[in-house]
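See the structures that follow.
Here come two complexes built around subunit A, the first alongside subunit B, the second alongside subunit C.
Then we have the complex of A and B:
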């Protein structure tokens, strides 16, 4: 058994863990990141699963990464390059399509083809969402105050939180309230009449959640995804050159440069607790790491119910963590292709292949997909978000060939009877059938396929139930309630223990905000 | 002018507003389109000699202030009828306000659920206590900086703080949750959870897994005594007794009520209300009109589109009405053998009834709550059912055959719990959402005058710019269930609306 001593230990080398380590190291702390897998990134990794074909295995696009992190860590110098994802095309059953392009006016022309009224509304909708996102954006950089506390810092935090809302013009305040409480479908009904437009837009309200487009709460997720689109760094959804893993690599490089140590194949078995405080971690191989600060970037179920003995934590906190909703709802299919899919609605190859395809032909289609999952089955006709990374970054596949990333909903983690090989393949088949319906040459073009169910996502990344946000982005699990009431300020009810993953405010996506805010909080507690 | 105020609709809130205004010396005229007063809160003959509560079985929460002001104390002593759930093998689960007895009844199915029951009752009572405080004041104006509004917010904040740290968190955390998640946190027995979950989706087109249905559940428990989970306040003489009592107060105070008098239009002159035009062509000049009709009907049917700002009208058009409730009344030749049971065996079962509505179909297996009006109300043997089975808009439209099929299906479902019932059915009356709309003027058959969900709650009810009973039109007010705090509370919005009207500087 070897013993090591550090100022801080970060459990998990996902993007938040790496951001956290980078900030701590930059403040002069001796930091070690312990990553169970052979590579950094967690759910933000690029892997060459089949020779020559590189997959962004899990997370595949980026837009929410906080600009202050990009600046502070100088990520472009560490190799981060974001390539724009230009468009979204939604094929329809009747051979028509609806497309959104990078050019706002081109998109309006396209919408006009379906509904002149919606083309007008699209302008106003864009403005409104922009204002909403701008209004909410400061919250992303806020440490959530505790509304039940009368401590001056909490009162001040609550006042500035309330002030944010009260400073909004009345109409915008009420729009924001609607976004916080409605379903994406109902919210979009207030704006548009074109069904396929609503189906495609509402999809960003369901991604990563166990909600349908008609489930109240999904409008917030719509906003959550919208926030990235307006941030100064890049205008729209983007794709990292080299795949999503390149983002993790860039952050890791920045962390290393600042002095952090990153250990791979280092699996943490337990947090060591002595006299009511976390003093280090014990590894699966028996080694021990000691530090006055232990930061977990894992989801709270794993952190608090598996790595720590229950008796070390308050019973109420443990109950809150047990109650924390973390249902996995999505799967991923990664493919190697011999040729590009030719969509019936847009024959031939063209610029649309450099963008996304959304399989969301009608509201009812997406809602039906959800209905399957509600009762414990995968969607027979799933909603899908498809990108062809090799069209954006040619290095992702050998010449003449392509890779395709298909994000699929719904694949419930609690599928009746549990996931097995047979169900995984049936799920993969359903996905391929559903795409082939719109692109007849698709099935024959597949060279390799990697199908990932929530169970696979969990076993590879460690994310409980394969939930990509480390817990649902539902109103009762946001801000000062994330991940548990009273413990939203990146601390844990154990001295020396901190949390920084997507299960902390402000939540999922490759944002890095949790990692950064946690580091700033830690530095307040620990003298520099 | 002969009258100071015209009130449209003699429903509970219209009559309450009328009573308060009449007692304050206003000359009040209430106009009711139906031949009888009561609106959705009516007890009627549906078959010769057979009576039932046409639309709703619960008079709702009448807060002490209204009871005291209007002398309705007789309604305050009603012991709530709770819920009987046919169990699966071990006898029924009977929920009554007697917490210990209910626990005993649960023990046969789950000792853990039985043990948690008292705590759950206290939890519901605690959260409802906060809602009661919120409901008895006008909707908070969140963005206002006027001292009176800040005081209201502050006092609500204090009410919240008084619940203690955990109580506060419980309120904030629970309200946006789905009732399925809440019940899963407390209980393990599917039968219990299935039946309780109906209170989270009652009269709204949602399933137990929809976010915000926990609020609906809590809302349906406001004003009920501790332990009266799923309780229903059925007035002696039927729910129609409440409007009758209110009408008596109106009459005593000099108010006038005219039935069979339909308002066709609210007349506007120089950007303010000038009176109403009746369907008969008669015109009544008045400077103040208070509408107890639902907001959609008030602002889009009874007014001209040109009278309002397009943004306001758009907001009104966006109110989700969506009545999912079908009422079935059975006239029977002899008493049924089943009691007042609830048929909703699991939460998935309830969820599926929502799926049917969502996709515009009639549910094959609706959830049902049976009520058996006492003989002094029904006259003879009657079974009345709340059947949440469908949507206002059906893909194939509503026809006589649709109604008949629902009736037949429901009778068949009841037969299982009351063997031989089918042979005793003399008449089956099905009241579908379109019938509620045409018969009572409730848009889309919404018994709530608009879904009572988080986005259509307090300061957003019915729409943000009319949440304090005044509308953007000078002289036009709203007071019905579509306003804060909404359906299920009796007379609160009427009382609050009257207070706003009396304190405004309107021309008499």
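Then we have the complex of A and C:
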């Protein structure tokens, strides 16, 4: 058994763990990141599963990677390159389609083709969402205040929180209230009449959640999309050159340059607790690492229910973590293709292949997909978000060939009878059938397929129940409630223990905010 | 040579015989037949009397990213080009330009400026040594008369080949792979600022490892009459490697990232300057490295050597606008920061920090989508030119002139290893 001493130990080398380590190292701390797998990235990894074909295995686009992180860590110099994903095309059953293009005039004309009223509404809706996103967005960079506390820092936090909403005109405040309480479907009904438009918009709002487009609370996620748009020319939204693994590699490179050590194939078995204080970690191989600061980037169930003995934590906290909702709802299918899919609605190869395809032909289709999952099965006709990374970064596949990433919803982690090989393949078949319906050459073009169910996501990445956000992004689990009431400030009810994963505020997506904010909090506690 | 000449004559004849090409129109480039088909937004612009694309797509964004992510194909045919041949070719060029041409080997390319007698920059461009006694000079402005004026009593022949030679720039990380497929040869041995003669689909071409993007890239020079097959072959070979025809808007952003200056934008040719202050010396443009001060004679030598001895009063530097500072200027009026979506070409005042006096001006700027930094190219008084110096830059926010913090940067802002590798 070997023993190592550091200023801080970060458990898990996903993007948040790496961001956290980079900031701590930049502040002069001796930091080690312990990653169980043979590569960094967690759910943001690129792997060459089949020779020449590179898959962004899990997470496949980057949405809200914080601009301040990109700047502070100088990520472009470390290889980060975010390329635009330009369009979304939704094929319809009757051979028609609806498309959103990068160009505003083209998009407007496209919606006009379906409904002149909706074309007008689209601009007004965008304007409204932009305003609300402006008001809400600063929250992303805020350490959540505790509304029940009278500590000066909490009061100050609550005041600035309230200030954000005060800045909204009355009409927009009402809209925000609606967004936080309504379903995506109902909210969109107030704006639009074109069914396929609403289906596509609401579908993007249910990604990663165990909600249907008619589930109250689902409207809120619509707003998240506009937060990315505020960054505008800054564009932290798109496709990372080299896949999402390249983002992790860039952050890791920045962390190493700042002096952080990253250990791969390093599986943490337990957090060492002495006299009510986290003092290090014990590894699966018996080694020990010691540090006054232990940061976990894992999801709270894994962190607090598996790596720490229950007696070391308050019973109430343990109960809150047990109640924390973390159901997996999505699967992923990665394919190698011999040729591009030719969609019946848009024959031939064209610029649309550089964007996304949304398989969300009607509201009913998406709602039915949810119904399957609600009753314990995967969607027989699933909602899918499809991109062809090799069209954007030619390095992802051999010349003339392509890779395709299909995000699939719903695939419940708690499927009746549990997941097994047979169900995985049946799930993969359902996905391919559903795409082939709109692109007849698709099935025959498949060279390799990798089907990932929530059970696979969990077994590879360690994310409990394969939930891609480390816990649902529902209002009752956000801000000062994420992951548990009273413990939203990146600390834990154990001295020396901190949390920085997607299960902390603001959560979800390749944002990195949790990793950064946690580091800033840690540095407040630990003298430099 | 004879073959090339006769075909170029027939090319000119063909043009003259076209009655639908009245001479009150701008000229199409030799690639117009191909580029016109790609043009979606009718966004053409002028360049030296020709029309070239601002962007082919409705937005130049994808074309910009192609430069850094795959390969962008630019039609740069409107460049002025001169062939200088004869026993005294090197002597003529050495009289004109600031670099040491006599020492250039066959197959070498030099970036250089050239100056008037007072040591002020007339133009900048490249000199390629094509063989023992033949050089090609590229220029942003017409220089036929200037070369002639300097060639008195020299055994040299100067030919304006601007319209006879078509040119493409293929720039970006996959450019080498594409060119190797197109030429069916390895370009591994072709070093930065060197050239090779080869052919693409039967058209003899000269490929130089040069460009205006600061990335791995090449420029391809060919007979204008035989140019179209080269374009077609490049597209054919490049499609699987992300080849993307790109226009001047994308190029303009990339060249700011690369810290490459542009005539009539970042400096005035001394020929066009109306007052003395509008002129710049190579030292004031921070082009010290292009000066061979020990050469026995070149235009402006005496003045430049004197200026070199006393130190230039001005320097040309990179200046980055501080994001946090810009963001708070906009936040004060309730807006998210507005970033330029294209490179700008206006003069923007620079000040000493903490509200001090004006000490310079930026002449080009762009938001770099790649670096996520707001970059400008600027002239500053020499004592404010050290990298890391904090300055202020004028930013107009909601109609009001404000000052944002800015920092002097070493150029280039972006300098990937593959550029020279």
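Going forward, the second predicted complex is superposed on the first by the 521 of 528 C-alpha atoms of A that agree within 3 Å, B and C clash if a C-alpha of one lies under 4 Å from a C-alpha of the other, contacts with A are read in each partner's own complex, and residues count from 1 in each chain.
Keep in mind that, in the parts below, a residue touches a chain if its C-beta (ideal position, glycine included) is under 8 Å from a C-beta of that chain, and two chains touch if they have at least 3 such contacts.
It should be emphasised that the depicted structure is a prediction, and the values quoted were computed from it without experimental measurement.
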item	value
Touching partner for A:393 - first (subunit B), second (subunit C), both, neither	second
Touched partner set for A:178, first subunit B, second subunit C, both or neither	first
Between subunit B and subunit C, more extensive residue contact with subunit A	B
Contacts of A:215 with subunit B and subunit C, given as first, second, both or neither	first
Partner chain(s) touched by A:241 [first = subunit B, second = subunit C, both, neither]	second
Contacts of A:81 with subunit B and subunit C, given as first, second, both or neither	second
First (subunit B), second (subunit C), both or neither touched by A:67	second
Touching residues on subunit C, where the partner in the complex is subunit A	58-59, 61-62, 65, 68-70, 174, 240-242, 323, 334, 336-341, 367, 369-373
Of all residues in subunit A, those that touch subunit B in their complex	147-148, 165-166, 168, 170-171, 173-174, 177-178, 181-183, 186, 189-190, 211, 214-217, 316, 323, 325, 364, 367-368, 371, 374-375, 474-476, 481, 485-486
Contacting residues of subunit B [partner subunit A, same complex]	142-143, 145, 161, 165-166, 168-169, 172-174, 176-177, 181, 185, 206, 209-212, 311, 314, 318, 320, 348, 351-352, 355, 358-359, 453-455, 460, 464
In the complex, subunit A residues that touch subunit C	67, 70-71, 76-77, 81, 83-84, 86, 102-103, 105-106, 134, 167, 230-236, 241, 354, 392-394, 399-400
